[in-house]
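The following pair of complexes shares a single chain, chain A, combined with chain B in the former and chain C in the latter.
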Partner chain A sequence: MRTPAKGLDRLWIAAFLAPFLVLFLGFTLWPLAATVYYSFFDWSGMGPIETFVGAGNYTSIVQDELFWLAVGNTVLFAVVNTAIKLPLSLVAAIFMTRRWVRLKRVFRTMFFAPLVIPVAMAGMVFTYLLNPSNGALNSILRDLGIIEKSFDVFASRWSAMLALVLVSIWQIFGQYMLYWMAALQNVPEEVYEAADLDGASEWTKLTRITLPLIKPVAVIILLLALVNAMHVFGLVVTLTGGGPGTSTYVVSYFIYQEAFGSIPFQYGYASAAALLFSFLAFILVSGQGLIVKRAQELRKEYGV
Partner chain B sequence: MTARRWTVTLVMLVVGAVWAYPFLWTISAAFKTQQGMFTGGASLMPDLWSFENFERAWVNAGFSRFFANTVLYTVSSTLIELVKSALCGYVIARYRFPGRDFLHKMIIATLFVPVASIIVPQFVLIEQLGLLNTRAGVILAMSGAAGALYVLLFIGFFSSVPDELFEAAKMDGAGFLRTFSLILPLAKPVIAVVVIFQFIANWNEFNIPLVFTLGQPELQNLAVGMLSFQGEHVTDWTGFAAGMTISFAPMLIIFLFFQKYFVRGLAGATKG
Partner chain C sequence: MKPAAATGLALLLLTAAACGTSGSSQNTTGGQITLKIWDFSMEQVEFHKKVTDQFTREHPNIKVEWRSIAQAEYKTTLPLAFQSRQSPDIFYWSENGPLNSRILLNNGWIKPLHPSGTAPDEFIKRWPQGSFIEGVNLIDGKAHGFPFTDNLYWGGGYMFMHNDVFKQAGLDPASPPRTFSELKAACAKIRSATKAECITSPNKGADVMRLFDSFAGVVMNGSGFDLKNGRFSLDDPKILSTFNFIQELNKAGYIAPGTNDKNFSRQQFAAGQAAIYFDGTWMPSVWTSQGFTSDKYSVAAQPLPDAGRTGAPGREPNLEKYFVSSQTGNHDAAWTFLDWMTKPDGFFVQEYYKGGFGTLSYADNKKMVTDPALRKIMEIAETPGFRVNIPVPLLKCPDLARSKAYQSAISKRPDWASEIITETLNNGGTLDAAAKELVTARQSALEEGLKAEAASGLKVSMDCYTFPDFDYVTDYGLDRY
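Take a look at the complex of A and B:
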């Protein structure tokens, strides 16, 4: 039940709201509005904003091949990254919440450790580990006789993208394992014990007990995973630098390069790119949300 | 049962070893000499145990300053984020006031706004406030950017506190502030989650410090400082590894001490 605000309480309510409201206005709402505004101008960040170009920025963005390459890379990165990390971290989390699994503290620490490395630094470590001349990956593969000649992961677009996806999973895995573990804590152990008595297989337990029980949280985890993956930035800066050439550009890197990368800064252009991408991302994410919802309705209809 | 237990343990150990390898490699590289690093390949054993790299990173390369900046940014931003989201969440959950529903909806709507896409106006705002290239500017931008998720966590939690508690507080004649100070300690699990997540996120923050400290090494945090260090000392990988080790060691120790609260806190916050 919510108490109506009255008397002196009103002052307190205003005081409690103020810190959040001020920052929310300044760093979220106003920037959103300003991004829309800037996107209609040709503005380098210096001097007054006066060169109105209408939809000019948008028409150039739509024709900018680099932008579409960045969009494609970002979506590809987000989808592949999510498709690998969510199921794997769920499996890991399931094991980590079972009583009979040993050494849980050790595993938890191992999986969690990469989280305390800033993602940009992780990128730098891996540029060394993956380098062709004396990096660990090439020297291990050579020692094992799997390859004869060293190869450069960062020489082609696809292997560089794969490296981005895998390093990102390496870094963030523990966080998603933790999300799943928290979700799984709401599933009572007794349910599994009862299923064990009935001789249920692990697969049956997963699909019939675990997934249905954690579904509401799972949808949120899925959305978080997709959206966070679409913001990938630091890793691209340090691991591939958008290369080879510009072939691993992602949208946040594109925006950064346009806005702050080289003089003259192109704030207007970068803002238009940011908005267009936010719009595309919104459609992608909400479309995915709709599919999940529709699937749930269908399941209800058929009673499965 | 035992066969399964051993298989799972073995598989997890192998995967865990792969997971830990880049970590261990970095730590061992911090003790290697340049020569040992270059010829060492995948080896985790330093050729000579040398502490010289740490000294070089800490003193010459300015990691002591990056470290101090990171601690300052992380602690202040986490505190500001905690306070603003707890206060706002409490009021939205327990009181009716004009614009309440609208505000709640706006917070949900902006949950997924990417920071990277609105960083230009944030930059302009900090510049207008005269805070560009100051520590206050970085802190403000870092603590202003995130928060919608945490407010929602607090709203969820405070809404689930039984009304009887509030009635009882009222009966005892507790005013607005007194009631809040009675209820707040109940929110420990949510507070733990906000602090832990935001502490990690702020410690690792890269985008905001990068943009807001362009060309100002004395203001940079570890993540950004590391990048400029690499730019200036392209070949000093052992110094870089030492800098890395310095930057993640404290977080790792904190995690080892508090890891059980991570899961417990998160589980507590998502319930209800």
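Take a look at the complex of A and C:
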């Protein structure tokens, strides 16, 4: 039963909450409110905010083919990225939690190292590695006789998108492996011992015990992965610059280009694009809320 | 102090720190003013240090902090600095052509060079007569900018050839390819006789225009706007056939593959992995800063169409680069510095030429330039017809100084041309449909914008942008307005 705080306790609670509230107000609510406000104006970010355009920015955005291309690419990136990285990192996590595996620390470091490399640096390294003129990948494939002519992965929309997905997975893989390992370590050891007594194979234990028991956590990891992937920006800037042409534009890059890509800046338009995409993301997050709620119920049910 | 009060004070300080601004007020430490200058000339960092040290020796009360920001970031960083009132005292800005000063003034970014508003005659006389033009760099008679680089030698339209690669291919850089066909033939030899690429050129983002406009510059005056007919020109048959030629080179494997930025392409050329690079007057200093000296490469003019030149890269009275920020609290010091840096035989000028950074509009280039590559560039640019004075709409219609129609027509999607060019080069198609779409959209935006401005009282129309007696290859002199 909850007991209301009294006297000095209230003051302490307020004192401890105040820093968070100030920062939340200053760096979350205020920018959000400002973005909503700007989105109704034709404003360059300089000078007075005078030219009220009502829903004009939203009408333009809805008709802007580039915005929808960016939305499509963002969703595509998020789905493909998640569909590859989660199963892969789960397999790695299962491998890393096996008792018989040696050199676990070495593997863990190997998988985790890319995460500490700044995105910009990773983008630049892969730009050079994948360069068709003198990049290592093309050179090796040519030297091995696998290809005759160099290929440019960034020359077409689909190969460039695939490169973005794979480089992103290479970088974030270790983080998701850790999530899975945390989930796997929560599965009670006694359940495996009981299964051993019943003569269950490793495959049976995986499919009948491990996967069902981590399912509730898996839902949360899945949605985290999707939402994080929708924020892709740095790799697009450094690897493709949105190209060839505009074919690998994602929403964050579109917003950045609209806001800062030309003089005068188009803060109003960019704000409207950001809000419209946030609305789409909100639908996803709301769905996430419902699924997480159900997942938590399942966790209680399974006792994990 | 009680914990709650301490917490409150800390929060107050945090909030105050977060909201604090600087930049517009006078920046003085111990009686010494700190003058801030920003540009994006990364290759000039050492030079900047040398000149600012010398300036402070001569003016002990002024310390100069000259910051060079990567070019790709600069266009974002500077406007944001103005927005947050943290702009430098002097800044570099080279956009907008002849309207540069006027647009910057309209943005509220600049003030007159001299604190009194009127620059002394002695200053104005450092430039050839006619260099200060009302509406271009004089606004209401007050100098708001000054020509920095000259406008004959400075600019694109040069072909740089790697001597070793040319020799390996059995070619002589002293006899460079002069026509499109000769260029193609040279590329065929280079590709068959060496491991190097023929042409390296950046194609990431807007940098693809370095190559495209180099070729378009000899068929019209670039790919942007046709001043004879008053229309955006990307879909002009001459421009489209130029694109087709570049596409031919691309399909034949004569252009280095990859999605490369300008730094990569320049390094690729300097490393001998490519034979040819097209760019501008600034390249000798860029390569010198990378240890690639001018004895290792040669320079020639951009090859012409087989049927001959039908256009020439344009000269415009638009070479104002350095401006005094409207937010400066150090106007006197800013003027002192600009006055010092523009002394025709001063330390700045001498060191600028020693570094081979280019050609200045207020110094004797023929006397001062020593870098062999730069001297060759000057020789090329002096060839009659290499570069022509193109019509300046602002001089025909002074009200264009207050018009935003042209800027608006482009700023909705400023990189549109480079986007479709890159995409088409990659998919191997033709540019025609995409170019037509771009021209139709921009042309109608410009026409509608001008009509709206005319209705509000400005004397502007499409006629301001149309010069039927211009032929793309002959100077359009100031006497023709």
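We take it that the second predicted complex is superposed on the first by the 268 of 304 C-alpha atoms of A that agree within 3 Å, B and C clash if a C-alpha of one lies under 4 Å from a C-alpha of the other, contacts with A are read in each partner's own complex, and residues count from 1 in each chain.
The rule is short, and it goes like this: contacts are C-beta pairs under 8 Å (C-beta built on N, C-alpha and C of every residue); 3 or more make two chains touch, one makes a residue touch a chain.
As the structure is a prediction and not an experimental result, all values here were calculated from the model.
Of the two partner chains placed around the shared chain by superposition, chain C is the only one that A:S156 touches, whereas chain B remains out of contact. Looking at the shared chain after the overlay, A:G26 reaches both chain B and chain C. Contacts of A:L144 after superposition on the shared chain: neither chain B nor chain C is touched. Of the two partner chains, neither chain B nor chain C is touched by A:L197. Touch counts on chain A: comparing chain C and chain B, the chain ahead is B.
Judged by the touch definition given at the top, the superposed model places A:N134 against both chain B and chain C.
With both structures placed on the common chain, the touch criterion links A:T246 to chain C but leaves chain B unconnected.
When both complexes are overlaid on chain A, the residue A:F126 reaches chain B alone and has no touch with chain C. Chain A residues in contact with chain B (one complex) as well as with chain C (other complex) are 19, 26, 45, 134, 260. By the touch criterion stated above, chain A contacts chain B in their complex at residues 1-5, 8-10, 12-13, 16-17, 19-21, 23-24, 26-32, 34-35, 38, 45, 92, 95, 100-103, 105-122, 124-126, 128-129, 134, 136-137, 139-140, 143, 170, 173, 178-179, 181-183, 185-186, 217, 223, 227, 230-231, 233-234, 237-238, 251-252, 255-256, 259-260, 267, 270-271, 274-275, 277-278, 281-282, 285.
Residues 3-4, 7-8, 10-11, 14-15, 18, 75-76, 79-80, 82-83, 95, 107-108, 197, 200, 204-205, 256-260, 264, 268, 273-274, 407, 410-415, 419-420, 422-427 of chain C touch chain A in their complex. Listed in rising order, the residues of chain A touching chain C in the complex are 11, 14-15, 18-19, 22, 26, 45-47, 66, 127, 131-135, 150, 152, 154-156, 160, 240-247, 260-266.
Within the complex formed with chain A, the chain B residues making contact are 1, 5, 8-9, 12-13, 16-17, 19-23, 25-26, 38-42, 80, 83-85, 87-88, 90-91, 93-97, 103, 106-107, 110, 112-122, 124-125, 140-141, 143-145, 147-148, 151, 163, 166, 175-177, 200, 203-207, 210-211, 214, 222-224, 226-227, 230, 237, 240, 244, 247-248, 251-252, 255-256, 259, 262-263, 266-267, 269-271.
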